[in-house]
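Structures follow.
Both of the next two complexes hold chain A, though its partner changes from chain B to chain C.
And now, the complex of A and B:
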């Protein structure tokens, strides 16, 4: 029984290669542009004309990526007054101060919990949602539109909405739970040290599902129907089909969705900032809101330290993504 | 196959870096407008004002009208940028960082800017007649190192707001005069049941220093005494412990360490709260809603028969030293402190005057009587000390933790950081 399916999965190893083209397209332009530029240069075809065509894009990259990055590094090496006035060079003091911050451990733990929980839950739930969305049923178009809504709405508005839903005194969630006699006294979803993180994770997952589900819908649509037909003829159960055909063929989509979600969720500012508005200190901040508060809201109020924290953030997410890519491709080799 | 995967990996890494850097860098660059208009003969004819938004309805309307009047009177142009209180720290910091400050900045702090030698002193930009009209308390709070840099734009004073309906229901005849009476009254209101709350206590990060200030002033405490920080003085520890006890006895709303001022005001405006420390803009909201029958009383004191103390706040209009803008800036202040301008603004926003002539003008308003009498003797936070600008932030981020933690430890830590220079 298992053997034919195993063989089937092996056989579709071929189609797996072209499959990534569709879902990985968001990241494609960067790689694509680089490749073209390199080829033109090496083949010696009028470099100046190529440059002319590339100029707008290059200017954009210089202005939007390179220049801010240079400024960021410069700021991280400078000593700033609380007013924002640059007072001179700081050497590596800003980096040292960030590392010496009492709250750093808490903030890093929060970040790991936040990113891992939101990304894992998002991927799991989106797999289900995507399966649902690819089925034919009456009103599918409406459901598909409805799923997009949380994605289309501004994060700040969504976060603000959730802080109203969660509110202790006026929150709709508490009102419903009280009416249904599930609870006797309201639950302090965003004031309680125990509940704030789960509450934030729910919002994080809620806004991440649309994008992820649509990546998976694209991935599912790219799986050829004859593979399923072959599985059905071989008598595979629904679970076996899903586990041994759908999931392996969806791997590229899952890889892309995971990496992009890691970046989005790690960089997510509005949800954490808004839901924590009335919470003092850094107790529930991630490295992103920590960076912001260092510059403007905390007793440090130091642009330099904040810039240093910003550089740490870039390194952190780079390393996380590299590690994830390494681990996942290593598994691919093994299987 | 492996090169393809490699490339994909590289693309993802590049995208990651771009995304990360993009966000990290967005703190810089935004919000800085072109400030210095080209002046003839080195004199600026266009100056820029960055003002805080006190209210959606009135702030912009006032400054637009003011810019008109300024143009008519001086021929100079005044560019007005209104920024919300949430963003103004970030915006002003970015402007200074980019070496592009406005000519006039409206903020709740000035001393750090004065310390960095960025500001004009009153000797340079304030006419004598204007300066002599300012209330002493505000001249004092605007003075750093012997010179005045922080020109007050408006002021407020706090007082105890109480819900007359709830007081009647609970059988309380008059507002409490001592802390013991206060606690007993809060208990009576709580005992009414139906979710009623004795006292709305906001120690969340929005303005923890304000709430704590008015309580500690009424226990003989202060932030600084005789030029030395006294944050962890016995009176202050006693005060914070008292507030903690209120929370422990459930006489306050849920989670007071994580309640912002606005949330406490909203609760009071919903009619469920017996008492809250408020100021005139809250009265404005309540009068408009007509939902809560409220009274305003002086703060209760710790000691029997003590003199009620009030906490005053003023915000500042400071002027940045920029080449050639001194005359235009001076003209700005001359116009702003004209009676019909400054008092018109203060009236529209529902705050209190900063000038002697203003007190005279407002004295006919019965609703403001409680505040006006106390205003000249109001206690302020030590805004004249640049260290306070950092201590204030530390207080905002830490005071609320005393509700679940140890008040003395929290104050000790704040004292330590204040002594270390913030």
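And now, the complex of A and C:
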């Protein structure tokens, strides 16, 4: 839904899911202080009954998430023919080959630039958009609907659309800029080595804002009005109010939005895959498209190497999210 | 928040906007800013709409023109009459509706049970769900392909239905978990005294109370499945089984260039989702709040 990049779909690509918000929160509402009072309900359940209620969910997760993950690990340790037939054990050769790939440094740099730029810009712009969307004005409903559209549209459609809008020969963007006399000659937004990354980042931010802004709208709505009333009576300026009241109270929402956007943007596939289609090699790929091309598009069609790269990806995003949570002292926030 | 008052005058006066200043122009300025914001998010799709109403040769010509030089009104009827398009539409509907149904049926008991009862392995289960959320199908696509290859389910609806259901389950469980946990236990205990069994309580008492969460989870799942691309791109080989996201790309390939049809088809794919989103816009804010932004 994600489809902020991930959304993916979501978002960017994938499901737009605020789910993994707080690793420890699910336990909180039921557990802790309430436990003693609820003992009758909380302790009388045997594991077998629990299994009965959870079985369908467990089956689905084990069958379609865990199994592929295991397959991925197995594949990363195997040798494959170009048609995808398993030819035997490869030990750690696939990992060595990925690490030895000439493009790896470029791909990793691209990934860092892509994730950091898109997430940072998305959060900043969404803060402004969300502030605006929570104000009362005529037509707000319609503006909110308009903001939803890039979220609702499939990423691959938006990416395809932008590949035309950016086009050197037929692009609307060049037509507008020429007409406004901002430029004299058309710009090759996605063919130029210098401009393609910024161009892709713009699209990434564009599709990530709606979901993020909505998370912030929810966060802003949750701030009680009397806090602002008190600040107003104290004579705080608009900037002081925002800096010292809104921002601290919005912190949980910002954490959630940042973590989810990191996951979506990192896993984002269609934008880079589509806009970068006409460029050969791995020069502008992120680790996700790099992995995909290794298995399905490169000359070697190497499933084993691609699986190894996929495992790197999974570890990379886990580490990135953990580091972010540590840096923003999540645990203190929770307590 | 002790720092709030530092540096402020000792006897604060309530600030009033100057008459005729911001207060006077606000009713006009805000909607105009609103128009600009709306345009900022809509303009690419307006370009798309215009491109759907001109011949493909007019879309890709140098120099480009903003407005169509020739209008073409038949694109939508061409697309809606195209058997390929109808097949993709059907695939999208079958896959999205089925996976949404599975998610709802599977997520409700899991979310209800973990929100209401404590048992051994509860945290392990919730942790597993959380980890699922971190894995986009994209990063596992090679593993997914190999699994369904082993099951000889490549190029079937079942494969995509299961994948979409599994990867959206975490979000649904999380949202519903939050809603179930927020319902006072007394309500359920009252129903218990009235003789309702556990399933009866869930069905008749709890579900109606979690309706906003259920609607949010359902629509989110549907949209995510409707827009899924990478797994469909990898698993669906025969043209008539592809969902819209993958299928419509064959309007513009090395062999044929029907930009107008590509964009008309895209609009047909986007409109239902925007409508669904607009329907739950109110719930969207509430659902996100109770699910995550506590």
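Going forward, the second predicted complex is superposed on the first by the 284 of 335 C-alpha atoms of A that agree within 3 Å, B and C clash if a C-alpha of one lies under 4 Å from a C-alpha of the other, contacts with A are read in each partner's own complex, and residues count from 1 in each chain.
Keep in mind that, in the parts below, a residue touches a chain if its C-beta (ideal position, glycine included) is under 8 Å from a C-beta of that chain, and two chains touch if they have at least 3 such contacts.
Given the structure is predicted, the values throughout are model-derived calculations rather than measurements.
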Problem - Touched partner set for A:105, first chain B, second chain C, both or neither - result: neither
Problem - Most chain A residues touched (candidates chain B, chain C) - result: C
Exercise for the section: May I ask you to decide whether A:169 touches chain B, chain C, both, or neither, giving the answer as first, second, both or neither? Expected result: both
Exercise for the section: Considering only touches as defined above, state whether A:71 meets chain B (first), chain C (second), both or neither. Expected result: both
Handout entry: First (chain B), second (chain C), both or neither touched by A:81
Key = first
Practice task
Tell me which partner A:149 touches in the superposition: chain B (first), chain C (second), both or neither.
Solution key: second
Exercise for the section: Using the superposition on chain A described above, determine whether A:291 touches chain B (first), chain C (second), both, or neither. Expected result: both
Problem - Which superposed partner A:263 touches (first chain B, second chain C, both, neither) - result: both
Exercise for the section: Figure out whether A:277 sits in contact with chain B (first) or chain C (second), or with both, or with neither. Expected result: first
Exercise for the section: Indicate the residue numbers of chain A shared between its chain B interface and its chain C interface, in ascending order. Expected result: 17, 20, 26-27, 30-31, 35, 64-65, 68-69, 71-72, 75, 84, 169, 256, 263-264, 267, 269, 288, 291-292, 295-296, 303, 306-307, 310, 313-314, 317-318, 321
Fill in the blank from the handout: Note: in the complex, chain C contacts chain A through residues 1, 3-5, 8-9, 12-15, 26-27, 30-31, 33-35, 37-39, 41-42, 44-45, 47-48, 51, 59-66, 102, 105-107, 109-110, 112-123, 125-130, 132-144, 146-147, 149-150, 162-163, 165-171, 173-175, 177-178, 181-182, 185, 220-221, 223-224, 226-230, 234, 244-246, 248-249, 252, 259, 262-263, 266, 269-270, 273-274, 276-278, 281, 284-286, 288-289, 291-294
Handout entry: chain A residues touching chain B - in the complex, by the definition given at the top
Key = 17, 20, 24, 26-28, 30-31, 35, 64-65, 68-69, 71-72, 75, 80-86, 168-169, 186, 188, 191-192, 256, 259-260, 263-264, 267, 269, 277-282, 288, 291-292, 295-299, 301, 303, 306-307, 310-311, 313-314, 317-318, 321-322, 325, 329
Practice task
Using the touch definition up top, name the residues of chain B that touch chain A in the complex.
Solution key: 1, 4-5, 7-29, 89-90, 92-97, 112-113, 115-116, 118, 203-206, 208, 253-255, 257-260, 263, 267, 270, 386, 389-391, 393-394, 396-401, 417, 422
